[in-house]
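Look at the two complexes coming up: subunit A is in both, with subunit B in one and subunit C in the other.
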Partner chain A sequence: MHTKKNENIIEFLLFMSAFITVLTTIGIILVLSIEAFKFFKEVSIFEFLTSKEWTPLFTKKNFGILPLLSGTILTSLIAILVALPLGLTIAVYLSEYTSKKFRDYIKPSLEVLAAVPTVVYGFFALTVVTPFLQKLIPGMSGFNSLSAGIVMGIMIIPIISSMSEDALRAVPYSLREASYGLGSTRLQTAFRVTVPAASSGIVVSVILGISRAVGETMIVAIAAGQQPRFTFNPLVPVETLTAYIVQVSLGDVPHNSLEYRTIFAAGITLFVFTFILNNISYYIKTKYREKYE
Partner chain B sequence: MNKVLINRRKDLIFSVAGLIATFVGLVMLVIFIGDILIDGLGRISWDFITGLPSRNPDKAGIFTAMAGSVWVLFLTTLISFPIGVAAGIYLEEYGKKGRISKILEINISNLAGVPSIIYGLLGLEIFARLFNLGPSLLTGSMTLALLILPIIIVATRESIKAVPSSIKDASYALGASKWQTMWHQVLPASMGGILTGVILALSRAVGEAAPLIVVGALAYVPFAPKSPMDDFSVLPIQIFNWISRPQQGFIINAAAAIIVLLVLTFLMNGIAIYLRNHWQKKIKW
Partner chain C sequence: MNYTTEIMDIYKETSPEENVLIPDDISVKDDRKYKLTARNINAFYGDLHALKDINMNFPQNSVTAFIGPSGCGKSTFLRLFNRMNDYIEGFRLEGEIILDDVDIYNEKIVIEQLRKDVGMVFQKPNPFPKTIFENVAYGLRIQGENNKSFLQDKVENALKQVALWDEVKDDLKKNALSLSGGQQQRVCIARALAVEPKIILMDEPTSALDPISTSRIENLIFELREDYTIIIVTHNLQQAGRISDFTAFFYLGDLIEMGRTHDIFTNPKNKRTENYITGRFG
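Let's look at the complex of A and B:
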C-alpha cells in the first residue's frame, strides 16, 4: 500500500543519491586541501610557486611546481593548436556545407575518436607518431611533448567539432537566409554570421577541450616522458602534473611522507586549473546563451 | 577576376578543406588501428587470453587483467547504476525548483569536468585509507562509480525529459502516486536512453587507467581476484605496464592487449548505439 510516508521515504532516498555528488565534491576539496596543507607546512608556498626545479624524489629536494606546470601547459597548447583549427573547420563544414544524411554518418564516426581509451592513444604516440616525427626532425628525443600533444589533439577533435557544430546548428536559419539574400557565399555567411552568432558555444567547446587536455594522464605519462624540466621546447622529455602523480603512485613512496604529499600538491594545482576553466565555460554557457525568436 | 568569382572560389576551397579536415581524424584512426592489428593480431591466441603474467613476454597472458576488468565493470555497474538513476530522477522530477537543486546542478556539471586522476586521489585517501579498504577491487570500483556518476545522471535526466507529460498526467489522473508514476510509467518509457547512457559511461570506465593506478591497483597480480577485497589489475594498466618495458616482445603483447580492450570498448559502444536506435523506433508518442 502506498502511503504518503512511503512517498516521503522514497523522495529522501532519491535526494540522498543526488547528494552523493555534493559529498564527492566536498571530499575532493577536503582531501586535496588537507594533504596540501600538510605539504605546505614543510615547503614554503613561495618556493613552490617560483622555483624552477622539481626534484622531490632525489636526495637534494626541490619543490618548484613550474616545471610540471610548463609541461602541462606545453602539451595542452600543442593539443589545442591541432584540435582547434581542425575541429572548427569540421564543425563549420558539417553544419553549413553538408547534408543531414552525411552528418548523421560522420558525427558518430568522429565521436569514436573520443571513445578510444587514452592508454591506446599513448601507445600510438610512442610507437607510431614519435618514430615518424624523428625521421622529419633528427635529434628529437624518444619522449617528447610534441607527439603527446599532437595525439592528444586528435583525441579532443570530436569535443570541439561536435559541440561547436551543435552551437552552429542552433543559429536560426533566417539569419543565414538574410545573408544569402544579400549575395554572400556559404563561407562568408559562415564566418561573418553563423560563427559570430554561435561564438559562445564555440568558446565553451574550446575551453572544455583545453580542460580535457590539461587533465589527460595516460597519453602524456606514456609518450611525454617523466623528466620535469622548465622548458617550452617541444622536442625534449617533460613531465606533466598528471604524469608526476602516476609516477609516484607506481613507486613505493611511504604514506604520510613528504614525497607522498607532493602528489596532492600537484593534484590541487591541477584541480584549481580545471576548476577555473570549467567555471568559465559554465558561466559563458549560462550568461551568453543566444536567444532568437 | 572580379570579387564574386574570388569569393566563389574561396567557398569552393573551404569545402575541400572541410572534407579533408573531416577525414584527417578518421584516417588517423584507421592508420592507428591498422598499425595495432599488424603488431598484435599474430600474438592473440587462447594461451594469451588465459595466460598468467610472466617475465617472459612469449608466455605472458592477460587473464588476471581481464578478470580484474570484468570484476571492476560488474561492481561499478552495481554501485553507479542505482545511484545515478535515482539522482537523475530526483533532479528532473522531484527537486526541480529551489536553491538546492540549482546547487546540485552546478555541482554535477563541475564534477563532469574534474580530471579522472583527481578521483583517484579521492579514492586513495577516502576508500583505500580512511575506510581501510586498501588497493582492492571495491576501492577501484567505487572510485570509478563516482567518476561516471555525472554521465549517468545527465543521461537519465535527458531520457526522462523526453517522456511526454501527457503520460504522467494520465497516470496521476488514474490516482497513481508520484513514485508509482515514476516506477510504472516514466522509468520503463525512458529505460532505452538510460541504458544507452549507462553503457557509454561504463565503456569509459573500462578504459580508465589513471585513477586506478593512483588508488594502488597493481601492474603485477599473480592470480585472478576472487572477491571484491582482493588486489587487482585491469587491462589498461597491464597495457601501460607492457608499453613501459624496453623489450620488443612486450610491445607486441601491449598491441595484442589493446586489440582485446578495443573490441570490448567498441562492443559496448555498439550495444549502446543499437539500444538508442532500437528504442527510438519502438516508442512513438
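Let's look at the complex of A and C:
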C-alpha cells in the first residue's frame, strides 16, 4: 500500500533516526566539553599541552598530556606500519590477480579478522606475541607498544585491504587496458596505473585505519602496560589515551574530583584527534570523487 | 552461402620496392606481401560464436575500416591483433594471425613485446590520471627508459605527430584529464605512437568526440598511414569513406564483403552490404 500517509510516516521515522544520531553526537560533545571545561579551570592548557609528566593520581600531580599522546601515536604508528603493506598487498592481489569466485571465498575469511573481539587480540599480544618477541629482542619488557601495535595492525588489515580493494576496483578497466595495450605486465599496470589512480581511496583507508587504531582500547590496555611515559621507544611500557580512560573509569576515583575530570580531558583530546582524521579522510573522499566522471 | 573469403580486388603499394601490385597477383593464401594476415579465424565467447571463419589481409601502410551493425564482431576481431581478448574469461580462438610471418598466438610470443608493435587507441579517451608528459612517456618508461632528455625528445615528437605540441608544450606538467575530449584522444594516440608500433588499432576513436576534434583525428589518421598500418572500427560510414583504403563489412560474426573502400561504397557486391551502407538497416 503506497498511500500518502504511509509515505509520511516512513519519512518521519527516517528523519527521527537521523535526528537521534545527530542528537547523540551533540550530547557527547557537550558532556565532554563541559567536563573538560571544568578541568581546564583548574589546570592550565599550557601545562596540559607541554608538561611531559602525566601523574594525576599521584600526590605530586602533573597534567601533561604528551605521554598519553605519544603512547597513542606510537602504538598507532606501529599498527599502520604493519597494516599498510600487508593490507595493500592483499588489496592489489585480490583486485588485480584473482577471479571473482576466489575473491568471494577469501574476502569473508579476511573480514573475520575484524570480527575477533579485541580482548582476544589483547590477550594474544600479551601471551603469544610478547614472549615470542622477547626471544628475538632481549631486554624487551613484558608490556610494550611493539606487540600491542603489531597486533593492532593485524586487526586493521581488513579495514585497509577491503577499502583499498574497493578503491582499486573503482579504477576504470579502460585504464588497465590502456596500460596493457602499451605493453605493460600486470604488475607494472597495478603499481604504475591502478594504485596511483586509486591513491585517494587508499589514503582514506589508511586514515580510517589509523583512527581505528587511535581509538582502540582493549589491546593497548592489556598489552602495552599502563604507565604514562613520554617516549618513542617501542620496547617499554606506555599508556595510551584510551587505556588511561579505562584505567580511571574502572578505578575508585571519586566522581566530580579533578582526578575524575582528567578522563574528560583525555577524552576530548582523543575526540579532537579522531575528528581531525575523519575530516581529512572525508575531505579527500569528496575532493577526488568525481575524478573519472 | 559463404561470403567469408572474398578477397580484396585491389592492391596498393606494399613496400617501396614492390610498387603497385596487379590484381589477381594476390590470393588469400599468399601472405608474403601483407603486413598482417588473419587466417581461418573463429572466435567464441563461451557458446557464442562471435567470429565465423574469417580470412583477411592487410597491406602495409594502408588504412582498413571495419564497419557493420552493433554486435557483429568488429571489436572482437580488432582486439585479436594485440591479443587484448586474452584476459576475457571464456574467450576462445581458432585460426592464425600472422604479423610479419609470425603467428602472434604462437606460444613463444611475449605478449608485452607484441603490444609494443601493435598499438591501440580506444573508443573513449582513456588517458592515465597523470601529467601529459607522463602519459606519453608511459610506454617507454615501462620498457625501463628513464633518460630525461631521451624521453623529452620522444614525447615532443609524438605530440608533434598528433598536432598537439603547440597546444600543450607549456603545460606538459598538467594533468591529462584536464584537457578536452579531443585533446585527450590525441594524447592517447601520441601515447601509442611514442613506443613506435608498426600497427595501430583504433576502436571507434572518434565516437566520443565533437565534429572538429573528429576531423582533426581523421586528418591525423590519413597522415599516419605513411608510416603505419592502421585498422579502424567505425560506425561513421562517411568516416570510413574519407580515411580508409579498404573497408570490411561484418554482419553477425561473418565477414560479408571486403574490398577497396571506393568500390564497397559505390558498387557493393552483396545485398546486405548495400542495404547497410545505404542506411536500410544497421
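Details
Note that the second predicted complex is superposed on the first by the 276 of 293 C-alpha atoms of A that agree within 3 Å, B and C clash if a C-alpha of one lies under 4 Å from a C-alpha of the other, contacts with A are read in each partner's own complex, and residues count from 1 in each chain.
Please note the rule applied: contacts are C-beta pairs under 8 Å (C-beta built on N, C-alpha and C of every residue); 3 or more make two chains touch, one makes a residue touch a chain.
Not measured: the values here are computed from a predicted model.
Look at subunit A after the overlay: subunit B and subunit C fit there side by side. Of the two partner chains, subunit C is the only one touched by A:178; subunit B is not. In the superposed pair of complexes, A:136 makes contact with neither subunit B nor subunit C. Of the two partner chains, subunit B is the only one touched by A:217; subunit C is not. After overlaying the two complexes on the shared chain, residue contacts for A:99 are found with subunit C alone; subunit B is out of touch. Between the Cα centres of subunit B and subunit C, as seen from that of subunit A, there is an angle of 100°, stated in steps of 10.
When the two complexes are overlaid on their common chain A, residue A:193 makes contact with subunit C while staying clear of subunit B.
Once both structures are overlaid on their shared chain A, subunit B and subunit C have a minimum Cα-Cα separation of 6 Å.
Shared contact residues of subunit A, touching subunit B in one structure and subunit C in the other: 183, 185, 188. By the touch criterion stated above, subunit C contacts subunit A in their complex at residues 82, 84, 87, 89, 112-116, 119-120, 122, 124, 126-130, 138-139, 141-143, 177, 188, 191-192, 195. Per the touch definition, subunit B reaches subunit A in the complex via residues 4, 7-8, 10-11, 14-15, 17-19, 21-22, 24-26, 28-29, 31-32, 35-36, 39, 82-84, 86-87, 89-91, 94-95, 103-104, 106-111, 113-122, 124-126, 129, 146, 149-150, 153, 177-180, 200, 203-204, 206-210, 213-214, 216, 219, 236, 239-240, 243-244, 251, 254-255, 258, 261-262, 265-266, 269, 273.
Every residue of subunit A that touches subunit C in the complex is listed here, in rising order: 99, 172, 174-175, 177-185, 188, 192-193, 196-197, 291-292. The touching residues of subunit A, when paired with subunit B in their complex, are 2, 6-7, 10-11, 13-15, 17-22, 24-25, 27-28, 31-32, 35, 85-86, 89-90, 92-94, 97, 106, 108-110, 112-113, 115-120, 122-124, 126-128, 154, 157-158, 183, 185-188, 190, 208, 211, 214-218, 221-222, 242, 245-246, 249-250, 255, 263-264, 267, 270-271, 274-275, 277-279, 281-282.
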